[in-house]
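You will see subunit A twice below: alongside subunit B first, and alongside subunit C after that.
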Partner chain A sequence: MGAFSLNYLVRRLLVFFLTLWVAATLIFIIPRLAPGDPITAMVARLTQQAGFVENADLIIEGWRERFGLNDPVYVQYLRYLTGLLQGDLGYSLARFPSTVSELVGRALPWTLGLVGVATLIFFSVGNLCGALLAWGKTPRLVKVMIPMSMIFTSIPPLLAGLLIVYVFGFLIPIFPQAYAYDYNFARPELTLEFFANVLYHGFLPAMSIVLVTFGYWALGMRGMMITIEGEDYMILAQAKGLKPFYVLYRYMIRNAILPQMTALAVSIGTLVNGVVLVEVIFSYNGMGTLIFTALREQDFGLIQGTSFILITTSALAVLIIDLSYPLIDPRISLEGR
Partner chain B sequence: MEKQMENGSERVVLKVEKLRIHYATPQGDVIAVSDISFNLYEGETLGLVGESGCGKSTTAYGILQLVQPPGYIVNGSIEVDGTEVLDLSEEELRKFRWTGLSLIPQGAMNSLNPTMRVKDQIIDVIESHEGKKSDKQSMRARILELFQNVGLPNRIYNMYPHELSGGMKQRVCIAMGVALHPTVVIADEATSALDVVVQRIVAQTLVKVKDEIGVSLIVIGHDMGLLAQIVDRIAVMYAGKMVEIAPVENIYAEPLHPYTRLLIDSIPSIKERKPLKITEGITHDPRNPPSGCIFRLRCPFAWEHCAEVEPEPIDAEYKHEVACHLYDERFEERRANAFATFANP
Partner chain C sequence: MAEDKKVKDAPVAGGTKQAGVLNRFDNPWLNWKFLSGAGILGFLFFLIFLGYQLWDTNLALSARSPLNLPPPGFTNWRGQEGVPEHPLGTENSGRDMLALIIVGTPRTIMVGVIAATVGMLIGILLGFMAGFLGGLFDDVIRLAVDIMITIPSLLVLIVIQAVLGRVDLLTMALLISIFSWATPTRYIRAQVLSMRESGYVQMARLSGVPVRDIMFKEIMPNLLPYLGASYIGNMQGAIISMVGLEVLGFGPQRIPSLGVAIFFSIEAGALFRNMWWWWGIPTVILAIVFVALLLINLGLDEIANPRLRKAS
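On to the complex of A and B.
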């Protein structure tokens, strides 16, 4: 046991690719439902700026031909899908010669790092706090302190971020207010010094994500732990005279964490929303800031590309959690048959 | 009697005295177990029977120190092999558990941790009490021997609980219960979740293992027929009181307490459908038990004296006690009259 069935793997992969396909299709359709087209809009903008553009019609027609917008929709769709498969997300309209892939390639690692580390922290801290809240042997002081640390839970990440920047970046300036690393470094490099600098800069953004999130996990975990405490096997564990700490992690947390993992998979989409705003507040050069500028500059190509990449990474994270599920819950692989 | 000769050990391994357990409710305490006293002898199997809610499981959990809130032990003494369980510190109690008293739980379906292999759940109890074992091979042999004792195949060694049938899970619980050769094993309705065939096989396994290992056993149940086949003595409980405790032959041949009589008379047989005899009177509010005898409101023989004085257990015969005023020597005449009318209504 422990190994998952091939059937389970195939089904999860199918769901994963189906998600991507639906996302890609929606991203393709939605802009085309809007009236007008991006090139006319761009030329119109140029016209406004310059007052007059010579042969505007010819320019529009030329670009339409260049981008294949005169082809039937299904040809465009197929070309778009083959492009996606080859990692071609098209061009950024606002920074034209740059491709979306280039821009995303530069931003994505930062977001993955930030979200990854923050998730690791809030998930473990949140679940640990929740477990301690429910455990009978937790010192009273700890039980009082944990709920007090959860006051940020009801604050939107945006406000928490602003508050944290104000307090720790401005009032008591012990952490940098913005950017992912010091601009003394011309470009990212593989040195310990640079790595330390990244951690230093990442602390406040990560903290604002963790502070607003871990309370939800603590409350969820607490509820699960209380349910587990009422299970028959907990009475038997007590009767067996097992060591209390062993019972806590092997009987209680081990069983209570399973629904929490599912909840994590479900909440990844929401998590990404929060991260976008946090990145903007801290001018963190990740996907969030990239999407934000793309929206501000009405850069449709970039909006589409970044949306697709975010959906892909979320779906990938869910896939990873789904695939790790049979490894942590022995009952899953059988049900997957 | 033969049975008494076989199981006639006089050594008391478990001595329960004046055990009282309440459940706290906003309207006042519910008296779940009311000053129960009894002895369990070495090598004996004692059946604990009574209606649902009579306090038999609460008694067992009280002995095991597992009463869950809002329940609490008000007073009493529980001695296992001379150790007063109620005086143990938390850590002493932890070490005492499973070596002194072990439990075969009610509803084994959910009594095993779903995320642990069966063997690991037996290994963990062994290692918590005997320390970490480095010798994997002898541990495996030890567990397989336990499996063999309860009739489990070797192949389940690496399985998870959800891969076993109900009967198998119950056997795992039996194997686990005797793993440390405890002084007393308490089986709490260990068979009630199983069908009759498996029930019987599991019950026989229980007795077989008990005899092999030489522990004393308390079996809680409501199936009088099944209990009759596996226990040496039966203790009958009513509303938190132990009304009668007697060798199993006596209780079927000649039940003494009026409640036991009605209970035995209500057991249906294949030849005849019997009405439930215990229908008269009202069940009392467990927060305000009646004065005197607990059963007097439903007892067909009750008279004024029953409302005034609470009956103490009376030694009727060898290892046979009954808590009823009718067996007081002073009321011998009344007893004869009462039973005469009862036998021929």
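On to the complex of A and C.
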């Protein structure tokens, strides 16, 4: 326990830091690949919207100097990377005095909470359903009910969110349609009442993710369980006369859950894609809505900063799952010795 | 029931006890999930084809029809009734919803097909190289795959599109395909690894068959159902990315696709003006496409992996 093989640890950390570097570099390069430079492009877009911008040349020149765009590219790149390392994501252009880090810091906890709770629910419910689907002793009624509840699987969370907010926020208005908490609360506070309100508001967004996702995990789990049912140690367990529930948990689920953990690490990226869009539908106060408003306001610095932080968060989540994997599967720690 | 069948089939296929389980009509491709998924998609394409023949698709452009009409039999928030000339209603810039569906659905699926095909071709090439050649190739490709899978594609696509602005469908498909090769590569590499040491591959290697032929003439045909499932999964992913980008407002706007229709409807607050036909119909069509793709995917999985077949 605890003793990772060094190989495993080094490789995971390498992937983590390379991911951050690739993301940072992409975000640095992309605007520079476009014809012109970001400032000219931005002023051009302003001109498009407003019809005419006074002294556009002066503005462009001033900003170029200000953002150091007259320096050679590698100097800009190094400055950008050191900035990122120090957590400096620059200023938001549309809400100027605020820095990107400030805005992101306010939005990120909401997204983390939403994703965390939704993941907990769909992973446990999905795996349980999958295990019950494959288990020989499951009541027939349950075996019929579970596949019926899986009809939404594979529909993007965005579309599920639309349907859910229409049905439960509009037709039968029992849940709030938008925001993470009532605006009676001036700011988040540490009371039970506020916490209940957050749960109430978070229910529909979380459901839109869970409903379309858990079936996928149930299917994966079912496949693993069927493979395990054919193993010799299952016959031995039966021959020993072990209690069925004990066999289900100790022999089947514990083995079948391992590949599911790997699959969870792989699916984090897709999950974050879905959450960003669900937040837009529900105007949830998280990173998705932040990026959406930034797109609205053409706030390029904010778009870049939000994307980078979300990518970092995903990479961190993957790293945590990968590093906790040897704890639940002792075989990994032996690998490569 | 099952007993009956076994008894009936047994003499036909030779009389031994096992023969009833494996008779010649037991074709794995006659899988109900695969067939019903393919059937749904086929039927959808047939309806679209019919639509192109029978309906005026120019109505999908804006300002060709009255605004905000509901389907016949319903009234909108202004109290206007639907008319039979617009069986699925119209939206707020005067596009006919039926024409919009007829034009938009194939455009959405086309982006999925292009992005999935490009991603799949790269995935096959890299997956085979990593799995079969191993060594440095494998290390580098695995690293690249791990990185690409960790990065949520939508976020980078948003940054790209924020620079490029609105793009046409082909560009959008190619942008999406930047991210659609990693999952197939990973999947194919795993399958190739499991095949590499099997008897027929070693036989081919001993007979001096060139590496390229072993990869693509010996191993690949055995992987076809896996490749099919992977391709369909890739298509789902591509369409999800595309709809996501469109709902954020990046779609081509003159000739709409399904995601752009949803974007416009959200912009106009259609959800809370109860204009359900505007966002609801594209959503339902997309949902049908996704369910059909999932069924095909599950069917192909069962075709490829006999163990999954028995317990269903």
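Simple rule for what comes next: the second predicted complex is superposed on the first by the 314 of 337 C-alpha atoms of A that agree within 3 Å, B and C clash if a C-alpha of one lies under 4 Å from a C-alpha of the other, contacts with A are read in each partner's own complex, and residues count from 1 in each chain.
Here, contacts are C-beta pairs under 8 Å (C-beta built on N, C-alpha and C of every residue); 3 or more make two chains touch, one makes a residue touch a chain.
This is a predicted model, so every value here is computed, not measured.
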Quick check for you: in the superposed arrangement, does A:Tyr251 touch first (subunit B), second (subunit C), both or neither? first
With both structures placed on chain A, which of the two partners, subunit B or subunit C, ends up touching more residues of subunit A? C
For A:Pro31, is the partner it touches subunit B (first), subunit C (second), both, or none of the two (neither)? second
Just to be sure I read the superposition right, which of the two partners does A:Gly241 touch: subunit B = first, subunit C = second, or both, or neither? first
If you stack the two complexes on chain A, which partner ends up touching A:Glu231: first (subunit B), second (subunit C), both, or neither? first
Kindly classify A:Asp329 by the partners it touches after superposition: subunit B alone (first), subunit C alone (second), both, or neither? first
Give one of first, second, both or neither to describe whether A:Lys143 is in contact with subunit B, with subunit C, with both, or with none. neither
Which residues of subunit A are in contact with subunit B in one complex and with subunit C in the other? none
Which residues, counting only subunit B, touch subunit A once they are in their complex? 64, 66, 68, 93-99, 102-103, 105-107, 109-116, 124-125, 128-129, 158-160, 162-163, 173, 176
Which of the residues in subunit A come into contact with subunit C in the complex? 14-15, 18-19, 22-23, 26-27, 30-31, 33-34, 38, 41, 45, 134, 151, 153-156, 158-159, 162-163, 165-166, 170, 177, 219, 222-223, 226-227, 230, 266, 268-270, 272-274, 276-277, 280-281, 291-292, 295, 298, 300, 303-304, 306-307, 310-311, 314-315, 318
Subunit A to subunit B touching residues, read off their complex: 1, 231-233, 235-244, 246, 250-251, 254-255, 258, 328-331, 334
Residues of subunit C touching subunit A in their complex? 143, 146-147, 149-156, 158-160, 162-165, 186, 236-237, 240-241, 243-244, 247-249, 262, 266, 271-272, 274, 276, 279-280, 283, 286-287, 290-291, 293-294, 297-298, 301, 305, 307-308, 310-311
